[in-house]
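The structures come next, written out as structure tokens.
Two complexes follow with chain A in common, the first pairing it with chain B and the second with chain C.
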Partner chain A sequence: MSNGNTGNRFTPKDFWAWFFEVFDSYGVIILGVFLLIYPFIFSGLLESIIWLEDNDYEGMAEALQTFRGFVPSTPLMIQILIFSLFGMAFNILLGNTGMLSLGHSAYFGVGGYTLGLMHAWFKKGTPVYPWITDTFKLFPLEFSIISAIIVSAVFSWLIGMIASTKRGVYFAMVTLALSMVFYYAAQTFDDLTGGTDGLGGLANMRMGTLNLRVGIMDATITYYFVFVIVVAATAIIWQILRSPYGQVLRAVRENENRARNCGYDTAKIRLMAFTLSGSLAGLAGALSIIYGESVPIENIHFITSGQIVIITLFGGAGVFLGPAVGSFIYWYLRQLMSTEFVKYLAIFQYWEAWVGGIFILIVLFVPQGILGTINNWTLNYRTKRYIERLEHESESASATESEES
Partner chain B sequence: MPILETQKLSKHFGGLIAVDQVDYSVEKGELRSIIGPNGAGKTTFFNMIAGDLPATEGEVIFNGENVTGLATFERSHKGIGRTYQITNIFPKLSVLENVRIAAQSRKTTFNLWTGVSSHRELIDKADDIIERIQLADKRNDLGGTLAHGEQRYLEIGIALATDPQLLLLDEPTAGMSPEESQQTAAFIQSLADPLTIILVEHDMEIVLGISDKITVLHNGKFLAEGSVEEIRENEEVQRVYLRE
Partner chain C sequence: MPTGGVDLAEFLQHLFLGLVQGSFYVLLALGLSIIFGLMGIINFGHGVFYMLGAYMGFTVANLIIAPIFGPNIAFVAALAAVPAIMFGIGMVFEKYVISRIYNTDNARFSGVLITFGLSIFLPDFVRMIWGRPGRPFNIPPMFNFSILEIGTFNVSAYRTFVVLVAAILVVLIWFLLFRTNLGMVIRAGTSNNIMVQVLGINVTKVWRQTFGLGIALAGFAGVMISPLFAVDPTMGDDILIQTFIVVVVGGMGSFIGPVIGGLIIGQLWALTPLIGRTVFIVENFSGTMIGPDFWEKASDILLFVVMSLILILRPRGLFGQEGAFD
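This part shows the complex of A and B:
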């Protein structure tokens, strides 16, 4: 690629040209490959530290140990993947339909509790029909994940019936209030849900079809299990957003009144978007239980709803992979501050304040989010290149013309 | 049979009677105009026909069918299309998307399993309409970045893409220069028949030039109805307009 600079020096302009080119053409592939091999990178790092220690390279081992603190661990990556999915599900509403739900923790939590309760109930000694426990024992994860999607779809449909008739701040407040109903329900029925302690001790996180044991014992397997489901769900969301229905969502976001006048039943469209988003959030919620093998009650609390708003806006509302980027930034920063930075500066123990500060800066200065802004840059760069090419072509055309005459 | 009929159609806003027991009837293929001073109830009348506002009293009959109880989107499917006094488009969608989304409403809404680009016939139809509203060279521009006059045309294009039988145009020339207004008038005239058009206008010039029949609305009531000459010579109409 020529940028018109003489000599072989690698200028910043060259760097940006290279960056945009790669980002544009291979960004998603690079991200996918990186995520695919991540557990090996991380376990390779751990193993090399052990190897160095065993072979008496103390200094290098120590240096690598310090470096390890700045590398997200596989369990953290599991969390990041799950919140990417949650964020993309949330973005169906916020970025594409223009509905700000402040109560998405409800469906995230319901998904988690469904999976948790099924594991807690359907085991030996529970007074249910034996055929239920027997069938469940064959495919525990399959059944509970599908149930989590169905149950959260039902709940989000019911809540959507009430909430999606409201707009703007009223919609936000109704979803928020109704999600807190879920929280207090989880707190009140504590013999069922474990109350504020959460629902713990969920054993046998097993996938029957592949005879795969996931859970806290094996982060790598859990990572791949979550990875495959998140990729599949991402593909589904991508298809939804590129479909004619996805286009109608954008029309509703842009101008609901006009969409209605074009013959669209916008109430139904909004309700369906809400249900789709809620059921995918439920899937994310179910996945979030697997590694920890317990359901923390915070999952269903407003804090989780706030988190997902922050994550989505970090990456960019309406940008397809925005929430994935946002999720990485959010969890990585949180981890860095609360475990690494705090070693040097005690003030970093208040990581919420720092993340909040960064959130304010992003909203003020890059309102399209980080990925949204990079996307815009890439688009600008591409347009500039295109115009340059056109000018170049017209120049050379006029040059040949003058030669001919 | 008239394509549109209203029977004793009224709209009350609290104590204010915006539209008062209006009987109105339009034949298929006509280009009709409704004029009247500010606050005469023209837009409210439109809103009740298109379904944006529920009627307080009376009935709207479209193609012999009572549509008074139907929602806006259902009336759109029956064949009532409209534009607004204040430009009402999808500002952050491209011109093509603006029109295509309107055309799509006749085909599919809850289609989740195909891609937009695989519905070639919708894109072709949209391109056809974009050609007609003379925005072909701005096909991929965002609706919100167009000039005011172009946005007015785009809005007519959106309405046309829904294949209406009856088109309600609410001050289509609002904010246009005199030349643009003349062009728009000619464009509207070219749309009429088989399309039935009802035009609400402030600009008398436009209305007198192209209408088959004019209705004058004043304080929510019909003051006069007739051909261009009849309205021009009507003393009551002159009184209302001169007093302004």
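This part shows the complex of A and C:
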């Protein structure tokens, strides 16, 4: 901890060194534990407000109430978790393969619509083979989530067949255009999807194996349900990205011709990455409708693709946990603007303008995102410290050598 | 809803509407294609610039000039003023925002991201200034008559005016690109940018002017379309996607591509609802008919099917340069 020349004093430099060390080694664990106990923190806050009001501490209760407005609620944390997963799925493409897809809302929406349609379909009692209905009634949520992943994988594979032969900006343009076909389809087949109103009334979602009821009735249980799935999916993405396949993805990003000359079928790899990313986006989309119990049509509109691009670039496209940080900042800021800031300044109700403006500034001035920039700072700092230490060691070594001689 | 055949008048009417819609596509796709060809930036903000142009036209015509000189002069003034205003806005945007990314290591991506961010920023910004609901914008009284009226076939004067103006603009742009010095530089820059710089031509200025030109075209299309529909902040969303389809179908890097592509897509957009009146009436599995109601709404989807087919069969588009879409 000591720098040698400062003696035993604990300087700010030492603090930052300590901080980065902890951040590096235990950051993920701390984050995980914090997320694990989050619903209790929030409900504890709510209960303490009620307790203070009951016991006539009006002033303190009001102060806590004001403070509560700045604490993200459990439903907001559900949204943040889901969009972290979505962003990490998106980051398989943008950060690792170097493909900028502007049409990921399609798979996000398709996942949501699949989950919603499965529930609506079986509730209506559409005639199918009885064993299908029986199986579905045993495991409704597992069945729907798996089929949401499969359906969005199929669709992203189909779109990927067309789009992934394109590169760079053409890829962005073609994916954006092709994603809108899903939006128009959702509008056209409105007897199935509910048209512009979205698909609503999906109450009573139940997980068969644990006999768990998720939905708007119980935010905490839904939070843990989403949390477990998001953590599992994150672990899968992490494992994929550090496997040899993930290395090939980054090779394609850096230099596709060289990767091809090394003997990799880059077209196939790009298509695989696209399908993987699309199916995980479908999983995120399926999760995103559980708490609201309805599928809004905005899920499938390209404004959602815009959101996920913004989230990923806020956090940092090249960093694994970048989208998670971006998702937190995006949703938290949005929530603050539309509920708290707007009380003081009416201009904050136009949050899209703020988000778009901040996004442009970030692309211009902080292209690596927040976590990427922090990583760079710490990298510089760590490198400097490392070099200092090396020099110090070599000096002392030479000093001892000269003493010996 | 009649499920019989389609009579000639109705067919002609749809053909005409397709021509009108196609001329808007042509104006937008030309601007997009010129900007892309020279600067390598796909302008994802084209739709919102079109929307901004419509609002500028609304402001100039309905709020400033109409109370003094009447709606006719106001509309003509808007037609003249908006391209100039949008040209300025485009140049300013290029100078202060887009020019910052030219020498970064991932300039094309950044260009996409910045213009995409703009397309999120501008609608809300417009809502901030002009209010949330859309604004009505009437057809100026001098165009309130029909040139031709046979049965249901009705050629309104304003739509004819739109087609004529679009045709004149296309000819003017052709003249600009192929018969003037600026056009020569633009075309040279499209094929080899660095060589043009080496020859001592101030490319920065040409880029700025080209970007302004594309934006001015988009704004002009916005003013022209606003009497047909109301002016509202989300009007740029759909047309951006449709412009992309036009560009993919017609092909980038050629002058004729966006023009022909725009006309084709316009016709396709207008004629699809007629399909349901003729032969394609099928029952789907849930018992509802894929009939007229379906085809009325299917024109949006059919465009994407055509685009996918073009992407599979002829990836560079109908008139695109070789290697333009890889």
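Following the convention adopted for this analysis, the second predicted complex is superposed on the first by the 387 of 405 C-alpha atoms of A that agree within 3 Å, B and C clash if a C-alpha of one lies under 4 Å from a C-alpha of the other, contacts with A are read in each partner's own complex, and residues count from 1 in each chain.
What we mean here is this: a residue touches a chain if its C-beta (ideal position, glycine included) is under 8 Å from a C-beta of that chain, and two chains touch if they have at least 3 such contacts.
All values derive from a computational prediction rather than experimental measurement.
Asks: So in the superposed three-chain picture, is A:N91 touching just chain B, just chain C, both, or none of them (first/second/both/neither)?
Replies: Neither: A:N91 stays clear of chain B and chain C.
Asks: Just chain B (first), just chain C (second), both, or neither: which does A:T222 touch?
Replies: neither
Asks: Tell me which touches more residues of chain A here: chain C or chain B.
Replies: The partner that reaches more residues of chain A in the superposed model: C.
Asks: Check the residue A:T275 against both partner chains and state whether it touches chain B (first), chain C (second), both, or neither.
Replies: neither
Asks: First (chain B), second (chain C), both or neither: which does A:S152 touch?
Replies: Neither partner.
Asks: First (chain B), second (chain C), both or neither: which does A:G356 touch?
Replies: Second partner only.
Asks: Touching chain B and also chain C: which chain A residues?
Replies: none
Asks: State the interface residues of chain C toward chain A in the complex, per the touch definition above.
Replies: Listed in rising order, the residues are 40-42, 44, 97, 100-101, 104, 106, 108-114, 116-125, 127-128, 237, 241, 244-245, 247-248, 286, 288, 294, 297-298, 300-301, 304, 307-308, 311-312, 315, 325-326.
Asks: Tell me, which parts of chain A touch chain B in their complex?
Replies: 239-240, 242-248, 250-251, 254-255, 257-266, 269, 272
Asks: Okay, in this complex, where on chain B does chain A touch?
Replies: 50, 52, 71-73, 76-77, 81-82, 88-93, 97, 100-102, 104-116, 119, 158-159, 161-162
Asks: Considering the complex alone, what residue numbers of chain A touch chain C?
Replies: Those residues of chain A that touch chain C are 100, 102, 162-163, 165-170, 172-174, 176-178, 180-181, 184-185, 187-188, 191-192, 302-303, 306, 309-310, 313, 347, 350-357, 359-360, 363-364, 367.
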